[in-house]
Amino acid sequence: MDSVGSIIMYVIIALSIVIFSVLAVTARKILRAATYLLFTLFATAALYFQLDYPFLGAVQIAVYAGGIVVLFVFAILLTSNPGDNSEKLESKKRVTGLIAAIAMLLAGGYALCTRCCDLIMPQMDSATMKTVGETLMGTGYQQYLLPFEAVSVLLLACIIGGIVIARKR
Amino acid sequence: MDATIQILILAIPLFMFLLLGLLGKYLSPKIAGILGTTAMGVVTALAYYTAFNYFFSGDPNFQREIIGEHGETVVEHLQYIVFNPVWLEFYGNLHINIGFMLDSISAMMLVVITTISFMVNLYSNAYMRDHDGVYEKGFQRYYAFLALFSFSMLGLVVATNIFQMYIFWELVGASSYLLIGFYYTSPAAVSASKKAFIVTRFADLGFLIGILVLSYYTGVFSFMDFTSAPVEGLADTYHISLDTASTVLATKFAGSAAPMFMGCSVLTWALVLIFMGGMGKSAMLPLHIWLPDAMEGPTPVSALIHAATMVVAGVYLVARLFPLYLQETTALEIVTVVGAITAFYAAMVACAQVDIKRVLAFSTISQIAFMMVSLGVCRPEYHHGVGYMASMFHLFTHAMFKALLFLGAGALIHAVHSNNYTAMHGLRKYMPVTHWTFLIGCLAIAGIIPFSGFFSKDEILTACGEYSIFVYIWMSAVAALTAFYMFRLYFLIFWWKEHKVHDPHHAPHDQPWPMTVPLIFLALVSCVAGFINFGDFVTYNGEQHTFDLDWTVAGISLTVAVVSIAVAAKMYMKENPLPDKMAAALPRLWDWCYHRFYWDELYMFITHRIIFGLICKPIAWFDRHIIDGTMDAFATVTNKASWSIKGLQSGNVQTYVWIYLIGALLLGTITYICLI
Amino acid sequence: MNLNILCYLIPALIMFCCGVYGFITRKNMIAILISLELMLNAVDINFVVFNRFLFPGSMEGMFFTLFAIAIAAAETALAIAIIVNIFRVAKNIDVREITKMKF
Amino acid sequence: MFDNILIYFVLIPLIMLAGVALSQNIKQIRAVAVTGSLALTALSVYLLVDYLALRAAGETAPMLYTGSWQWFAPLNINLAVGVDGISIAMLILSSIILLTGSFASWTIAQPKAFFLWLILLSTGVFGFFITIDLFAMFMFYEVALIPMYLLIGVWGSGKKNYSAMKLTLMLMGGSAFLMLSLIGIYYNSGLFSWNIVEIAQDGNISHSWQMFLFPMAFVGFGVLGAMFPFHTWSPDGHASAPTAVSMLHAGVLMKLGGYGCFRVAIYLMPQAANELAWIFLILTGISVVYGAFSACVQTDLKYINAYSSVSHCGLVLFAILMLNTTAMTGAIMQMLSHGLMTALFFALIGMIYGRTHTRDVREMGGLMKIMPYLAVCYVIAGMASLGLPGLSGFVAEMTIFIGSFEQGMIDFLHGHGSLRLVFTIIACCSIVITAVYILRVVGKLLLGPVQDDHHRQLTDATWWERTATATLIICVAAIGCFPNFFESLIKFTFSPDIFKVLGMIQ
Amino acid sequence: MDYSQFLAMKQEIALLVVFLLVFLYDTFMPKKAQNATAAFTTVVFAIFTVLSIADMFCPCSTADATAFAGMYVTGPVIMAIKNILNIGVLIVLIQSIKWANGEFMIVRRGEFYELLLVTLFGMYLMISARHFLLFLIGLESASLPLAAMVAFDKKRYESHEAAVKYLLTAVFSSAVFMMGLSFVYGLAGSLYFSDINLMIFGENSALAVVALAFVIAGVGFKLSLVPFHLWTADVYQGAPTSATSYLSVISKGATAFAFLVVMVQAFGMFYEEVWQWMLYALIILTITVGNLFAIRQKNLKRFLAFSSISQAGYIMLGVIAFNATGVASLMYYVLVYIFSNLAAFGVIGAIENATGKVDMDDYNGLSTTNPRLSFCMMLAMFSLAGIPPFAGFFSKFFIFAGALQQGTIAIYILVLIALINTIVSLYYYLLVVKAMYIKTEEPCQIPTFRSACTERLGLWISVAGILVLGVGAVFYNYLLEMTTSLGLFGSIM
């Protein structure tokens, strides 16, 4: 039995996730869309906190909200032409978009609902930073040193790629 | 027995063919002609020797004495296999041999073929050059073809088995094709040769299927197994035996799982189909249409192939299988009917033709039909099978006098450079030798005593009379027509009116000796051949028998012939309007006769309109448009599909992901639906 | 009243669908990128929720999310670089304009 | 490996390839081509003699000169070779046609590339006939197919692009079915072997698999054998191909189809062959008359001959499907005969076309007067085609008819329906139709008055053309005159104790 | 925490060393020496390749290794596929030297090679990963830097467009893939392949099916299976030819093997009932649609893109075979495909570098001006079409044989469809041959030129591969013996 408080928290988070997501993809102005995205990301971070993953929530805020959205804003500013801020949607596009989204929703919803509908949150201790660190640096079962090293290579490559592309010459 | 002579009989012409065919152009025409003629002369001598030996040597391989029905001693001619190596094996006992069988009819045929062939070879030396003695182009080739023909025809008559006969049957067809088309630049000759080949090919289809049926049921090809029984004590000698034929019928056909097919016995079917081959070669109605056209070939060729030898192959075939035919008289009745109708038809048509070679061609058809009828009406119980003997006798005499007539016609044509009697008229003074020999030929074919045709035709009519009075009357009428049209021809050529000489220096005259000698020789033969007692040589079962002349029949036919000749003389001896009046009086009949009862037109219609128009062209169209179109359609549809789905690749990323997502969802959904 | 797992999964799914919708409908490439971020984020939520509800003993989902965030960041950086680049060449970033290559 | 004589049938062409590639001028190329093909001919004749000697000495193995070298060992794929009488007949045919084809393309443009492709094609052909391994066989089969595309496309005439593409695609379509069938045989014979002899002797392909695989294999090879309705590549392809290619293709490649139908489809899957024969009998029976009728109204010489090939090759497949020793012997004879005769035809057509620059019979006439040598050869080819005794066609057709009729009657009398009988009689009719179209062409093309005055200046055959045609004519006549020799060569394969498969059916 | 486990990753680490060498060389060497960056990379990589191959045959080396608690595995077969990729990359490197030394590339050729090596590293990870997180990182490493490589040709607008399309769809795809992974995680509770295979045994819920569909879609995207293929043509056309050839052979080959690993190791239990049929449909779609699109293409790179789509369909037959023969055939197919396709791209690249022409019409009559290039191209086309005696025939035959070993009638029908499609593919491959050899009426647009020696070297290697790989049976035999002795699961661990 969840506490009322957590339910209220949940409702707020869930609602903001849904609403801001919808807004982020429907907002006419691109900057607003970015802002709504930011809210969505915050709401997600909140969700992580609620689910007892504070470390993840922090990362979410730091990387996503702090890093990526800022990147977006810069990009928007770099690429905005006066006048194309507001875009009008073709109804045809909208229909196809809706079809895809609803199909996805139905399929995913059906799949999820039929498989795991009655599960409630079990109790658990939130992981300490030490465990997190050990897991990240460990080489054993369900420990992630190798992905960590690998992703570093990936990030390096993306940096190189980004530089090459963005470089004017 | 030493087979060298028999091998040579076949080998010399073949060798001459190869020699003249391959190296002919390096030889001068004169040498080629002499070479060809000499070779044929040698073959003739060998054939005479062989035949003489066969009939008169008394060799136990060739004849034996048996006790006849009435206890008298009868000489029986035997069948002797000179050599018979296997050429091609199929299965079981079914193998084709190329052999040499000597029996009474093959010996007779050897004589006929080599004689006529030699005459024609000799004759052609002069005929195939113009008045200045310049040889025709392709002279060597001509002699090569003649040699090929002689080889094939000899091979045909000495065949030991039906498939060998078929092989040489095809070869004579081909050589006939080559010789008819000798003047290959003339479209008429080309189409005539084509026609001859195709029509006979069609007939051969029947022959082939007949062979297939016969050989399947009996498991053999050899004539010996159909019609003969071995003579005890001699390895390669057989005697004709009706018992063998009836055993074949009883055990192989009647005893098989399917003795009947569509109401007739299978043996009848086989025999009728085989006879179909004979109809084609012997130009029986309705497969006769090629023979008149075949006259486009050089006249000596017509004499050799289309009068004396090849065209009687059909008769020979039936005679060869006669004991089998006797087992199924239905087939023989068909032979009779076809022969009778053809005989009358051809005689009618011959009365109205202008081209002298055409007249002779129809006359040939009619006379061969006589032989066919004669075979058809032959039964052992009728006068010791007189029909068989008469048929062979007529074959023999006809070969001589018809060759004579053709060679005479050749001399005429060579003299006036036209085939039509309208260009001739009154030639008797200019070409006396030709005239007299031609007259002898006409008398012989008309059946005037003592010329050979009288005797043979008389035997045929006797046989017909024994069989059925209707057939007798019918054939007598044909005989009357024969006498009429032959003398019509004779009078129109040699009498009618004075010959108009355009150029006194080139007035028609008798031809050089190579052409006249054969005429005289054949005329002499035609005069005396009738007195041969043919029953001593050829009977249906090989036993010698003396056939007496039936003077009642002879008298009637002689009378009929004389009357016909008189009518012809009345109408055509002097220029008079009677023929035109006659034509005008019976316009329809005249037209039909003149146009040969429109058979050619009918065939034209069938081949061009139906076969070409309704089968070949639609099939070709179907192939190009439907079958090929379908194949092309696979390509077109693929291409169309390619163009029609190009919108998928719209270039817009959003479409891409839309398709991506829907694709993924469909993949999952459909699999899930199928799964549950 | 209990909050069952679906209460968390469904909003994430909706978020994902919003991303899909946005990708397909938006013209601006940055907006498309935003939609993509939504989709990636939704996936992250899924992982975390599954981890929390079903397999609380391990941290597989959480770490996946952690790495996914890193990857998303990399992707975004690269994507923005490319978008800026094309903006330089084509002078706009309308996704419907970059359809020179097709069929 | 090199002690096996058969391997040289592939090695010599490979050496020829190298030789042509290294040649500097056309003379060297000709020398290589002629020497090589002469060597192949000699080799095949030697093989024939030696084979007969071995057989006479009592050798009873189904395949002689067998050898097997591991290739793809884990899949049991070996380069297994071996020949019987049929293969030897085909090898002789191929080498003779390669030889004459080399002569016929004496003055071809771009000789180097042409001969490279031509020899590559023959490598495939020779390889196909010597292998008894399904995989290697299939590989060689495809090797033989693809050079056709370039040979027709580059050196062809008329609608060459279309024809070359059509031919290639249709034949590859056939080989698609074939490949499936071959792999299917491998997995379902219970042996995991590609060796034909092994499968035939010890293999046990279940009935249902046979019913599935047999039609595939038969259609696969049947496409190359120009079986109705998959024959349409043949008229277009032959019409567009250059002379030597037409010769090789009609003369040899189409035989690959018949050979394969027998060697793979029927040999390995006899039960299905027996049960499904009726479908293909109808199709091939149709081919026989249909091709002949179509040929009657064509005006292009090559089309006429191509349709005639459809008819004749239809007869090959038709006879094979009789599953009867005699008919099958006839089928092989017909392959041999048709190969030589049609090669002769195409050679002559090529030579005539090279002079008159038209193949439309309506535009030519009286060539006998202008080029008597070629015309006479054409007549001989025609006579062979319409089955004149003394030439090869007659022997083959008669053997087929006798055998088919036998089988037809057996079926009929045993209550297995009259299909074989009826179609045999229909097939017999083709001899008349063949005469019609052959004589039509001979009449229009060679005889009659000269149609086009420009043709009067044309010359007769050159020495190399004479060599090519004379060689072929001699072969045609040799088969026609001494058939028993060739039939005895072939028949051994079909004798029941060796060919247990047929023994089982009969 | 046993860091020695890193030693199991010999190949990856060696590759990273190469990467670092190139990086350092490019960064710190003087300008003049930098001209040799391309050559330097090639040589270093060649050394690496040789060592790597030598290692495979060296009896002393430990073949099997499992590191990081099963997250990473390697074994003889895996080493073999990596070496196959290495060979391909080496050819790509050789062929790209001319292009990389172009004036325009001076400032960023080092980066090109660095990115290329990183993507190769990503592919290694994909192949060796037995954990989905590592797999994902490999996948992303293999695809994200590629986007940068695609955008390398800054002069050409198409290059940018291609990069945008590639990146956006790639990210979308990875989102879907990750969604699928999350479902898998929800079902299995672990991302280790072996755990998944155990946990989802008997699972046939909608969630599992959807998850599987998404995973297939995500990997299928990189393989460009229809309908996840739409980016392919645009990207291939727009990217620099070197990038395209890399993308079309190496990336595809690696992903194909990785796909096999995922399907067998993680979802092997689902084979019979679920993904066999999914793949069945995808193969038919892929081959057919790829072929249909390829028919009409005029741009050769785009043409090869569609051809590579349909080739991917054939490669998938090795996956659907689900047996050791299939694995060997797949690897062999990839090997042959590398040589064939690189021969084609080598010719295209050489001609593009010399004249800038990539349209099929420009190739009309090429045989008259550049007979050798035409010959290479023809061999490539024949090999791709599966014509003996070229290697493509053998690879096609064996992949069909592998699939048919599975034995159901459905597979027979699938193979039949694939075979019929080969006719269509033959058609368009012949179109190229036709253009070069048959359409010689008009003078060729491309003048006679002499291609750079590196390009020729690349082509020689490719042609040698085409000629030798098939007839010389050792390659396939080696692979097949290896896989059959290890078994399906054993060979890919």
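Order of writing sets the chain letters: A, B, C, D and E. Residues in each chain are counted from 1.
The rule we apply is simple: a residue touches a chain if its C-beta (ideal position, glycine included) is under 8 Å from a C-beta of that chain, and two chains touch if they have at least 3 such contacts.
As the structure is a prediction and not an experimental result, all values here were calculated from the model.
The minimum number of touch steps separating chain A from chain D is 2. Chain centres were defined as the mean of their Cα atoms; on that basis the chain farthest from chain A turns out to be B. Set against the C-alpha centre of chain E, every other chain centre is closer than that of B. Taking the mean of each chain's C-alpha atoms, the chain closest to the overall C-alpha centroid is D. Compared on C-beta pairs in contact, B-D and A-C come out with A-C as the pair having more. Once the centre of each chain is set as its mean CA position, chain B and chain C turn out to be 96 Å apart. Each chain gets one centre point, the mean of its Cα atoms, and the points for chain D and chain E are 42 Å apart.
Per-chain Cα centroids separate chain B from chain E by 77 Å. Put simply, the C-alpha centre of chain C and that of chain E have 27 angstrom between them. Residue positions of chain B touching 2 or more other chains: 635, 646, 649, 651, 653-654, 657-658, 661-662, 665, 668. Looking at chain D, one finds that residues 169 touch two or more other chains.
Within chain E, contacts with two or more other chains are made by residues 133, 137, 140, 144, 147-148, 151, 154, 163-165, 168, 172, 176, 179, 183, 186, 190, 206, 209-210, 233-234, 296, 427. The set of touching chain pairs reads A-B, A-C, A-E, B-C, B-D, B-E, C-E, D-E, using the touch definition from the header.
Contact residues of chain C toward chain A in the complex are 1-31, 33-35, 37-38, 41, 44-45, 48-49, 52-54, 56-60, 62-63, 65-67, 69-78, 80-85, 87-88, 91-94.
Chain contact summary for the complex, chain A toward chain E: residues 107-108, 110-112, 114-116, 137-147, 150-151, 153-154, 156-158, 160-165, 167, 169. Residues 86-91, 94, 96, 163, 167-168, 170-171, 174, 177, 181, 184-187, 190-191, 193-194, 197-198, 201-202, 204-205, 208-209, 212-213, 215-216, 256-258, 611-612, 615-617, 619-620, 623, 627-628, 630-632, 635 of chain B touch chain D in their complex. Considering their complex, residues 325, 382, 387-389, 393, 397-398, 400-401, 404-405, 407, 409, 412, 415-416, 419-420, 422-423, 426-427, 430, 433-434, 437-438, 440, 473, 476-477, 480-481, 484 of chain E touch chain D.
Only residues 654, 658, 661-662, 665, 668-669 of chain B touch chain A when the two sit together in their complex.
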